[in-house]
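The data blocks that follow each hold one structure.
Below are two complexes that have chain A in common, paired first with chain B and then with chain C.
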Partner chain A sequence: MEKEIKIITKNWGQINPNQIADYIAVGGYISLEKFIKEMTPALALEEIKLSGLCGRGGAGFPTGMKLESVQKEKSKEKYFICNLDESEPGTYKDRSIVDCDPHMLLEGIIIEALIVGACKAFIYVNGNYQKQIAILERVVGQAQEKNFLGEKILGSKYNLEIEIFVGAGAYICGEETALINSIEGNRGEPKLRPPFPTQVGLFGKPTAVNNAETIANIPWIIARGGKKYATIGSKKSPGTKLFIINGSVKNPAVFEAPLGTKLSTLIDEYAGGVQKGKEFWFAQVGGSSGRLVLKKDLNMKLEYDREAKVSLGSGAILVIDKTVDIHELLLSWMSFFRRESCGKCVPCREGTFRLWEIAKRLQDGEISERDVIAIKDILWTLNNTTFCPLGKFAATAFGDAINNFQKEIYRLSK
Partner chain B sequence: MTVEKILLEFDPKPKNILPVLKKINAGFGYVSEKDAQKVADYFLLPLSKIYENASFYDLIKTKRQPPLVIQVCSGANCAVKSAYGVISEIENYLHIKAGDDFNPKVKLEVISCLGQCGSGPVVIVNGNVFTKVTPSSVDDILRNYV
Partner chain C sequence: MNIKINKKEYAAKDGETIFVACLRNGIKIPTLCGTKNSHEGVCRICVVENNGRLITSCNTKISEGMEIVTESENISKARRINLELLWADHAGKCVTCKKNQKCELQNLATEQKIENFHFIPRKEELTDRENLDLLKDNRTRVVVDEGNACISRTTELCVECRRCINVCPTKELSFNHRAGDVVVGTPYEKPLDCIFCGQCVKDCPTGALTDKNDLLEIIGQLNDLKKMAVALIDPAIMDSVAFEQEEITSQRKLIATLQSLGFEKVFDLGFGMELALEKMTQVVKNSTKNNLMLSHCPSFNLFIEKYYPQFRKNIIDVTHPDELMAEFIKTEYAKKEKINPEDLMVVSISSCVAKKTPVKSSSPSEISKGGEAYFTGQAGSPMAKFDGVKNLDYVITVRELGWIIRQQKIKFEDIGNADFNSGLAVKNEKIKDIIKAGKTAEMIAEKLKVKYIVADGVPQIKNILRDLDKGRVETKIIEAMVCDGGCVNGGGQARQI
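Right, the complex of A and B next:
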C-alpha cells in the first residue's frame, strides 16, 4: 500500500491559495476540461461509482448513488449544495481545505453540479468562518473571469451559477434536510424523510448535498479514473481521509491518511504520539458525537463501514490523557448538545437538557441515586426515540463514558 | 442606516430572509420585534415566520446586548485544556454567572466550536478573538475592557 499518497492535501503549502494561476500551473481545472471535452455526465458518474467514494461528512453514504438518483430525475431545475457548515467540535478539515486549496474544492463543485445537471450550486458556509467566506467569494470571482463558471463554460453548452450562502451558527444545519430548510428561509430544523432531498429538495426540486471534503476528491477521480481511486485505502471505503488529531499529542494537526489506517498508527506515527509525561487514557473518534476508544481497542482500523463498532464520523480524533477531569468533558458534551438541540422533538430537547443538568450536578459532586437511574432512562430515550440523529449523537459519548468510567464519574473509592 | 434601506437591498424571496436578519443584526446589534415586523411586511409573511428564524440561530440576537459580551468556547477540545477553569475565573473576576441574560452591563456566554480547536481555549470579547487563554491570563485580557 502506498503510504505517501495524497489527494486532498497534495497542493497544501505548495501553492498560493489566492491565485488561480498557481492552481492552474499544478494541473488545476484539467479535470473540468477533461469532463467538458471528453466525457458525458453519465460517463463521469460511472467513474465516481467505480471509485467507491463515500460521503465524508460522517454518514458515509456512497456518493455515486446519491448523484445518480439526482441525475435520473427529469426536473429541469436541480440544485447542488456544498455542505461547508462545519461545526462539530474538534473538526476543522473543511476550513483547512478552503484555507489551503479553495480552487480544488470549487473545481469539484462545478464538476459535480454539471454531472447532476444542476442550474445552480450553493455553498453553505458556517457563519463563524468569516475569513473563509472572503476566500470563497474571491475564488468564485476568479473562476468566473476564466470562464470556468457562468454561461457557456469553456465554450460548451453548460451553464452554472454559484451562490455562497452564509449560515448563522447552528450545528443542526449540517444535516442536509435542515440545511435545505435554512436556505429556504425556514427554521433550520430537520425534515421527515422520505421524500429524500435527491427527489424533493431545495425549493421542492431534486438536490444533491455533498460534504466539502467529498467534493475535493472529485477532480482527482475524474483526472485519474475511478478504478485507480478504488485501489487506495480499504476495500469497504476506498480513498484517503482527512484526520484531525488533537488533544494530548505532540503534533496536533490535520493529516491525510488512507482509510483503513489503524488508530494507533495515526496517533503514534502521524501525530508523534502522546505528549511526554502524560499517559493515554482514551480517544474520542468523530468529534463530540463520537464514541470512546480505550487502549485495548487502539488497533482498530478506521473506515466507513456500517457494521463497524466505532463510526468514523467527521474524522476528528481527540486524545485524552489521565490528567483530564472526565466531569468537565461530560459537561462540555452535554452543554454543546443542549445548546444545539433544535427543539423540534421532545426526547432530544428535554433529554439533552436533563443530561446537562445531571452533568452539572456530577461536576459539583451532588449526584443522587435518582440521577443514576435517570441517566439510564434518558440515554435509552435519546438513542431510540429522537427524530433525527442528533439525539443519538448526544447519547453516544455520554453512554460510553458511563459504561467505561463508572468509578471516576461517580467518584467511587477504588 | 435604517431597516428599510437594508430591506431594499434584497429581493423579497424566502432565501433572503436569513441574510436580511443577519444584516439587521450586524447593523443594530439585535433584531427587535418592530424590525422583525418590518421584515415580515416586506416579505409578505406572518411575523411568526420571521421571528422563528431570528430566534433560532446563535448569530442572531432578539434582545439588546450589553456593551460587554464575553464568549468562551467549551467544545471538547477546549474543555480538555481547562476552558472551565477560564470560565470560572471570568465569573469570579466580573462577579457574574455564565448564561445570565439579565445583567445590563456584561454577559458571559458559553458557546460551541468555532473551528479554532488547534489553539484552544478560545475566548471572544466583543468580537475580538483570543486564543490559548489560561485562567491566569484572564486578568490581562479583561483589564482593557472593564
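Right, the complex of A and C next:
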C-alpha cells in the first residue's frame, strides 16, 4: 500500500467526536480562525480553486467554481446547504463522517458559508439518520458556545446561523433542486434548470449545495493551502476519497484512498480481497446507479473525470461473486428505483415500474419476447428522455447487466 | 436572436420557448402536459433535438446557436415509447369513456401511429386469467370520487399530466405518493369539496375528470314523448361550441341541432339574465348597505362560503339566471301555455360547471355530499319556497352537449338553421355581452348612480376581499367572477387547442 494520506479520516478513532475540546486539541477550528483573522472570502476561494477539489456527491463538479458563482451574486440573502441526504443503498460515508469527526464537517460548513456570503446554512440530513441528527444538534450547540457560530463569530463581523433540516429519507431529495424544494416545504422533486441554484436556489436566492464529504476537505485546504492539496491524488481530480467497499470482500468498510487509485488495489489491498472460496464476478462502482466493471477492467483508476466510462458516483463499490443470483440483483435494483422515482416524469415513473415488473418475471423465468423488446425500449427512454438524472441512473446497472450477462439473465443455454 | 429549425434560419424572440418559436413559424410539436400557462415538462412527448440531444421543447428557452430538429428517428422513438408507457398507465376503456373521440391521449396515440402496445394497463381490472395471476400485485390503486354534484373523478384514466393541479385557482388538487403509486387528487383522498369552477375538467386531456350528469337519463327524457324538453342557451357558449363540434358554426345552427336532438323549445338565456339583472338591481336599490356582492357566479358564492365566510351576508340573495329562467318557465310560462310543469324538462347548456350545484345550498360541504337540492329558505329570499319541483332539471356543459350529439349520431348534413322559440324573447340584445363579460355591476351602477368594483379570476378576487377585510375599500356593488375573463372562459366551455 502507498504511504497513507489521511485528510478526512485523520481523526477517526483518535478523538471523542462528542467533545469539541478533543477536536480543538488536534488542531480543530484553526482553519476557521485563520480564515477569519488572516484571509478574505476571495482569498479563501482562491485556495479552494487552486486545490482542484471537486464535488464528492456524485457529479464531480469543481467546488471552487460553484462557490465562485454564488460569491459573485449580489443578493443580500444567500444560502449554503450541506447535503447529507445520503440514501444510495450501500453508501454510508457521510454518516461515518458525522459519527467520527462531526466538528470537522461543521468547520467546513462554516468556512464555506462565509466564503459565499450566506446568511444561513442548512444541513439537510436523511431522516433515517436519527443518531447522526442528535450528534449534529450537539456539535452545533458546542460550536455556538465557543462562538464559532452565531453572531460576530470570533469577534469578527461575520454572522452565521445553522439549521439542521431533517428530510424524509427520499433518494431523490439528495438531488440538489429536489432538496431545495423539500426545505421550501414543497414536494421533493427536481426543478427545471436553468436557472441553476447558484443563481436561483433556496427561496429563490443564490445557493451553494455541497456534499458532506466535499465540505470535510475544506479545513485541510484552508490550513495547508490549495497548492499542497493539488499534489495529492490524481491530476484530474486531486485529493482523497472515501470508498465504501461492500459485498463479497474480506473487510467491508469505508476507506480513505487517494483519487486515482486502481479499483483492483481498493478491492485487494484496502478491503482484503474477495472472500475465501469465492470467485470475483464483477464490481458495481458508484452505488445503485453505478456501472458494472468486469475482471478485465479492474485495473482502471478511480477518479472524477467527465470522459471516463465509469463514473465514481458516491464512491460505493459493491463486489459481486459468482454465487450471486443475477436475477435477485436486478430485482433489488429495480425495487429501489421503482420506489424512489419521484413519479414526476413519464419515462422514469412508468419505466421503472415496468422494469420492476419485468425483473420479477425474469426471476420467475416467465419472460416473453414482448418483455425483451420492452427492456430495450425502456432503457433507451430512461437514458435519453427523463427530467432528471435519476432516470438515467435507473438504467445504468440494469443496462450493463443486460449487455454483459444475457446468457445468465435470459437463461440461454449458450 | 437567430436559430435554426429543421436546417432553416428563423428569427426567435428572447425568452420564448422552442415550442413557441416553432409554433409561431408554423411548426407544430405534439404536447400533452404543457398548456399555455404551465410547462412542467413531465410527459416528455414534446421532445425535439438540439445539436443531436433530445430536449423538451415546451420548457426549454431558445438560446443562440441552437440547431433544432423537430422530426427524426430518435424523436419518434422517444414519443412512441413514452406514449406506450403512458397508455398503459391508463385503463383503455375508450368505448365507454365520456372523452371518447375528444381525448388528447387517444389523439396522440393515433397521430404518432402507436400500434404495438407492449404493456398491460396497470390501472385496469384484468380479465385474462393468466395475466391476472402474474400481475395481481402490480395493480395501482384507483381512486374514484363521485361525492359532489359537479365533477366525476377517476384516477383510472389519469395520466398524471398535472394540468388540473396547475390550473386550479384554489389549489385543491395535488400530486400524492411517489413513483408508480402517484395519485393525482385531494389531500388524504377526501371527496372534492371546492368551488367547482370546472377549469380542471376543461384542461384534463383524458376522461379522468369529467362533468357529472346522467346523460343517458337526459337522452331518455329527450326520447320520451310525454316529456317536453326545453333548452336554454347560455350566450357565452357560442364562443366555444365550435371547438367541441366544428359543424356548429352559428347560433341558428345550434338551435336546429338541439331541435333534432329532441328539444321542443329552445330559448335564449338572455331572458333569464334580464330577470336576474332586474332582481339584482331591485335588491341593490332597496339596500342601505354597502359592498353588496352580485350573486350570479355560483363559484364565487362557494368561494365566499369556503374562504371568506365573513362576507356571506354581503352576497345579495338572487340566484343565477338559469335557475330564475327555469322557475319562470315552470310557473308562468307553463301556466300560459297550459303545460303541466311536471312534464317539462329544462336543460341549460352552460359555460359554467358550478351551476350544477343545486341552487342555494346551505353550505358547500352539503353540496359535496350529494346532488340533492337544498334551499336555505331564508326570509325574503326569492328562492324561499321549495315546492318539490326542481326548476332547472339539468345543467350541461358544452362538452356534454358534444357527447350527446356524438352519442345520438346526429347527421349534420341534414341540419339546417332555426330560430329561438317565441315567448321568452330578450328585450335588449346587449344584455348577453354584459353578463358574460362581467359588466353587470357597471350596468346596475349606471342605472342607480352608485360606485362599483369588478374582479375576475381568483387572484383579483382575493385582492379585493383582502382590501375589504382591511376596510381599505368601500363601494356599493362588487361583481366577481371566478373564471379569468368571466364566463367566456368558463369551466364548462370546450377547450381550445
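Assume the second predicted complex is superposed on the first by the 411 of 414 C-alpha atoms of A that agree within 3 Å, B and C clash if a C-alpha of one lies under 4 Å from a C-alpha of the other, contacts with A are read in each partner's own complex, and residues count from 1 in each chain.
Just so it is clear, contacts are C-beta pairs under 8 Å (C-beta built on N, C-alpha and C of every residue); 3 or more make two chains touch, one makes a residue touch a chain.
Remember, it's a predicted structure, so these values are computed and weren't measured experimentally.
Asks: Between chain B (first) and chain C (second), which does A:F336 come into contact with in this model arrangement: first, second, both, or neither?
Replies: The first partner, chain B, only.
Asks: For A:F80 in the superposed arrangement: first (chain B), second (chain C), both or neither?
Replies: A:F80 sits against neither chain B nor chain C.
Asks: Per the contact definition in the header, classify A:A170: touching chain B only (first), chain C only (second), both, or neither.
Replies: A:A170: touches chain B and chain C.
Asks: According to the contact criterion defined above, which of chain B and chain C contacts more residues of chain A?
Replies: B
Asks: Determine, under the contact definition given at the top, whether A:A374 touches first (chain B), second (chain C), both, or neither.
Replies: The answer is second: A:A374 touches chain C but not chain B.
Asks: Per the contact definition in the header, classify A:F353: touching chain B only (first), chain C only (second), both, or neither.
Replies: It touches chain C, and chain B stays clear.
Asks: Would you sort A:Y270 into first (chain B), second (chain C), both or neither based on which partner it touches?
Replies: Neither: A:Y270 stays clear of chain B and chain C.
Asks: Is A:S288 touching the first partner chain B, the second partner chain C, both, or neither of them?
Replies: first
Asks: Just checking: does A:F280 make contact with chain B only, chain C only, both, or neither of them? Give me first, second, both or neither.
Replies: It touches nothing on chain B or chain C.
Asks: A:F387 contacts which: chain B (first), chain C (second), both, neither?
Replies: second
Asks: Residue by residue on chain A, keep only those touching chain B in one complex and chain C in the other, then list them.
Replies: Of chain A, residues 170, 187, 339-340, 342 contact chain B in one complex and chain C in the other.
Asks: Chain C touches which residues of chain A in the complex?
Replies: 170, 187, 192, 338-347, 349-354, 356-357, 361, 366, 370, 373-374, 377-378, 380-381, 384-387
Asks: State the interface residues of chain B toward chain A in the complex, per the touch definition above.
Replies: 13-19, 21-22, 52-53, 56-60, 74-80, 82-84, 110-118
Asks: Okay, in this complex, where on chain C does chain A touch?
Replies: 40-45, 47, 54, 59, 74, 77-78, 81-82, 84-86, 88-89, 118-119, 122, 134-135, 138, 159-160, 174-175, 177-182
Asks: For chain A, which residues are in contact with chain B within the complex?
Replies: It is residues 86-92, 95, 126-129, 165-171, 182-188, 244, 246-248, 252-253, 284, 287-288, 318, 320, 324, 328-329, 331-333, 335-336, 339-340, 342 of chain A that touch chain B.
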